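Look at the two complexes coming up: subunit A is in both, with subunit B in one and subunit C in the other.
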Partner chain A sequence: MAHALDQALRIGPYTYRIRSELPELAAPVASLYGAFPKADTNSYIDFDVSLSPVSGRPGGTPRAIFRFDHRDHFAPVERRHAFATLEWGMNWCVSVHCNEYLKLHAGVVATAHGAIVLPGVPGAGKSTLCALLGLNGWRVLSDEHALVTPGTLDVTPIYRPISLKNESITLIESLHSGATFGPRIVDTHKGTVSHLKADQHPDTFDPRPVTVRAIVFPHYRADAEQRLARRSKTSSFLTAAYHAFNYSLLGTGGFEAMQTLIDGVPCYDLQYHDPEWALRAFDYLARGEGGA
Partner chain B sequence: MTPMLIEALREPRSVSGLPPPALAVLVAQARTTNLLAALGHRLEAAGILEGILPEAGRHFRSAMLAQEKQQRDLAHELSPLVRVFDALGEPLVLLKGAAYIAAGLDCSRGRLISDLDLLVREAAIDRAEQALQSAGWEGVKQEAYDDRYYRRWMHEIPPLVHRSRGSVLDVHHTILPPTAGPRVPAERLFERLQPIAPGIHGLATEDMILHSAAHLFFESEFPHALRDLWDQRCLLLQFSEQIPDFWDRLAVRAGEMDLETPLWLSLRYVEMHFAITPPPDVLDRLRPRASVPRSMWWDFLFRRIFRPDHPSARLRFHATAEQLLFLRGHALRMPPWLLLPHLARKGFRRLAPANEGA
Partner chain C sequence: MSDQWALTGPESPLVYDPGEDTVVCYNPASGDTYRLSRPAAVLLSHLSQHPASLESLEQRLATSAGAAGSEGQSVDVSGLLEEMEALGLLRRVR
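So, the complex of A and B:
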């Protein structure tokens, strides 16, 4: 079958080849990935992924399946969830491979002074913060993976559109009416999902590592006091290890990499609900007033 | 054309000149067959990994790290098993991947395992099941039909899953289903067990090879066919270099175990894919009846199934070969009066045309 979509894109340190016969994927990929550097035909393809229609019962719900290396790894999904599934599949490629880095489940943002890593469980608000910061002049390195080179404070950028869920979509839309979103995808296992283009910073596609300057554990609390507080190294280590994809896989290497990271930067808890307040807290951190 | 992966396993230097897109296909073929870490070790030993394109090298190293993690987990899994079997007064016998890793054989370099296979004397299997349950391995809840099928017709009890760690144990009492053609005398496997680690036993060297060959050529599904053939290649190479009269002893043991045909098939395809040549007289002694016409059929099936399941390597009629092997595996392991009702219940949906997609 002819592919409505067939592109090789450089995404952080990796090259993805993305193919699909689904015509409805062409528009969101063009709008959200249009600015990404293209790989040439002589490139090494790290992740060969596709989204294909699957035949089902006549008259049944149309379905589609994500494939990596031309193989099924997940059950088919409803076709209307195809774009979200492509995005999740592309995350999964990094989550289960790529052990050359200590990988934290974290957003990563940066200014000229360095990067801030935001580890957090889903719902802690890391994607929302990444979106807010990205639309306010910060550089977004990732809303999903902090790729830390073991033994260093280097984090490697792997920018992709930010995946926002439910109320976060309305919040960002209300604050930035001109923001570019992908399709709004309803009734997924995470509720409503939409992807925000957040590559406005001129260095977005610079592949070089950035030095981590602080670690901030975000906690979105609708009706609690807002505060930015130092967090102990021990509890930061434990929580960051809990939010890592491959901390235990890396064995002693993972322990040492985490120790270098946590020892090297100040760690904070950020409890927030007001976006303006959160932006001020990050500006404070960016100015280096938090101290190391 | 030989798939790049087979070429690379046979001759690691073949990887050196590959352009980046071809290297990416090689990595995909290796990942698909669960051989990425094993190939990484092979390239490392040949001094190739160091100089390889970094974009490819990181995928090999990454898979090697994941496999090392699995080896560490296996060690944690084994110590409670050693205690359970010690208390039972029965030997703890590992089969296949776990045994290769525990024994530190050459084929364990980069070897991934999915389940832990144990061999227990048939007379002790009920006691072993109870002891394992007390130690946290619980039977998976399943249909009564499946439970009866395992116990009555297979050579194992239904898989046990550890309640907190999620590890899966397959407990066998012999190496082929009792309904399969060859009559493998299980008690003779126990006579020649060898210690492979403190408190842990493996099959005798020849039996290890015969078990892996029997498993490979009596299977009905082949998710790891090339990986299993690579095991055979590594076992044969290592033991033929270490043990005097190895080939002769292997052929004699195959006769005692009624496993000449699977061994002959294994030697045939190991030679075809990895250029390990057994002495001609050994092959002649094992050769099954009417081997020439039957080889055409076997080659049609196995030359397809031993290629990576990736568009760069697949031959025409790959899906047909898979379906025929599915039927063949069942026909070999069960007489028709058992097979037909079983397939009616379980199997025919597997023969529905696979969705090839893109």
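So, the complex of A and C:
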């Protein structure tokens, strides 16, 4: 079957080849990935991914399957979830490979002064913060992976569209009516999902590492007091290790890489619910007023 | 003769000490990471050099506490050693 979509994109330090026979994927990929640097589909590909329709019983729900290197790794999904599945699959590629980095489950944003890493469990608000900051002049390096070079404070950018869920979509739309979103995909295992184009910064696609200046552990709490407070290094180490994809896999190297990172930057807890307040807190950190 | 205490594995645990009340300890033998109290870190550091008796470790901790100006804080060294044994960091040797 002919591919409605077949392109190779440079995404951070990696090259993805994205293929699909599903015509409905062409528009969101063009909209959200149109500005990404292209690569030759015959060049070296790190992650060869595809979304293909799968046959089911007549009259049944149309389904599609994500494949990596032409192999099935997951069960088929409803075809209406195809774009979200493509995005999750592309995340998975990095999450389970790429052990040249210490990988934290974290958003990463930056100004000219350096990067701030935002580790957090799903629901902590890291993608929402990345979206807010990205639409207010900050550079978004990732809303999913902090790729830290062991032994350094360097984090390698791996920007992709920001995955927003549920109320966060409405919030960002209400604050930035001109923002570009992918399709709104309902009834996924994470609820409603939509992807935000946040590559407005002129350096978005610059692959060079950025120096980490702070680590902020975000906590979205609708009814709690907002605060930005220093956090102990010991606690930060353990929480960041918990949020790492490969800390344990790297063994002693993971411990040493985490020690270098945590010891080298100030760490904070950020409890927030008001976007404007959160932006001011990040501006404060960007000015270096949080101390080293 | 009383029991001696020793590290479980051939490699010394790695410790990240940021100068707070607790430290982070990585046990290469198990791959596990722990938060340890400062007295536990002192014991671990001492045992990284050689096995030691309970009495010797109590003495070491008292010396360390004196140097840190915290003589008044009593520590149940025996209990601490047993906790570290349960974590797989230490073992008893006879």
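In this text, the second predicted complex is superposed on the first by the 290 of 292 C-alpha atoms of A that agree within 3 Å, B and C clash if a C-alpha of one lies under 4 Å from a C-alpha of the other, contacts with A are read in each partner's own complex, and residues count from 1 in each chain.
Just so it is clear, a residue touches a chain if its C-beta (ideal position, glycine included) is under 8 Å from a C-beta of that chain, and two chains touch if they have at least 3 such contacts.
Nothing here was measured: the structure is a model prediction, and the numbers come from that model.
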Subunit C versus subunit B on the shared subunit A, clash or fit after superposition: fit
Partner chain(s) touched by A:Asp263 [first = subunit B, second = subunit C, both, neither]: second
Touching partner for A:Ala222 - first (subunit B), second (subunit C), both, neither: neither
Which of subunit B and subunit C A:Ala112 touches, first, second, both or neither: neither
Angular separation of subunit B and subunit C about subunit A, which is computed from CA centres of the superposed model and rounded to the nearest 10 °: 70
Touching partner for A:Glu100 - first (subunit B), second (subunit C), both, neither: first
Per-residue touch tally on subunit A - higher for subunit B or for subunit C: B
Subunit B versus subunit C as contact partner of A:Ala75, first or second or both or neither: neither
Partner chain(s) touched by A:Ala241 [first = subunit B, second = subunit C, both, neither]: second
Which of subunit B and subunit C A:Phe255 touches, first, second, both or neither: second
Per-pair minimum CA distance [subunit C against subunit B, superposed on A] in Å: 7
Contact residues of subunit A, present in both the subunit B and the subunit C interface: 248, 251
Complex contacts: residues of subunit A adjacent to subunit C: 232-235, 237-238, 241, 247-248, 251-252, 255-256, 258-259, 262-263
In the complex, subunit B residues that touch subunit A: 19-21, 23-24, 28, 31-32, 53, 55-56, 58-59, 61-63, 65-66, 68-69, 72, 309-311, 355, 357-358
Residue numbers on subunit C that touch subunit A, as the complex places them: 14, 16, 18, 20-24, 26, 28, 31, 33, 35
Contacting residues of subunit A [partner subunit B, same complex]: 1, 3, 15, 19, 21, 41-46, 48, 50, 52, 54-55, 65, 67, 69-71, 97-100, 248-251, 253
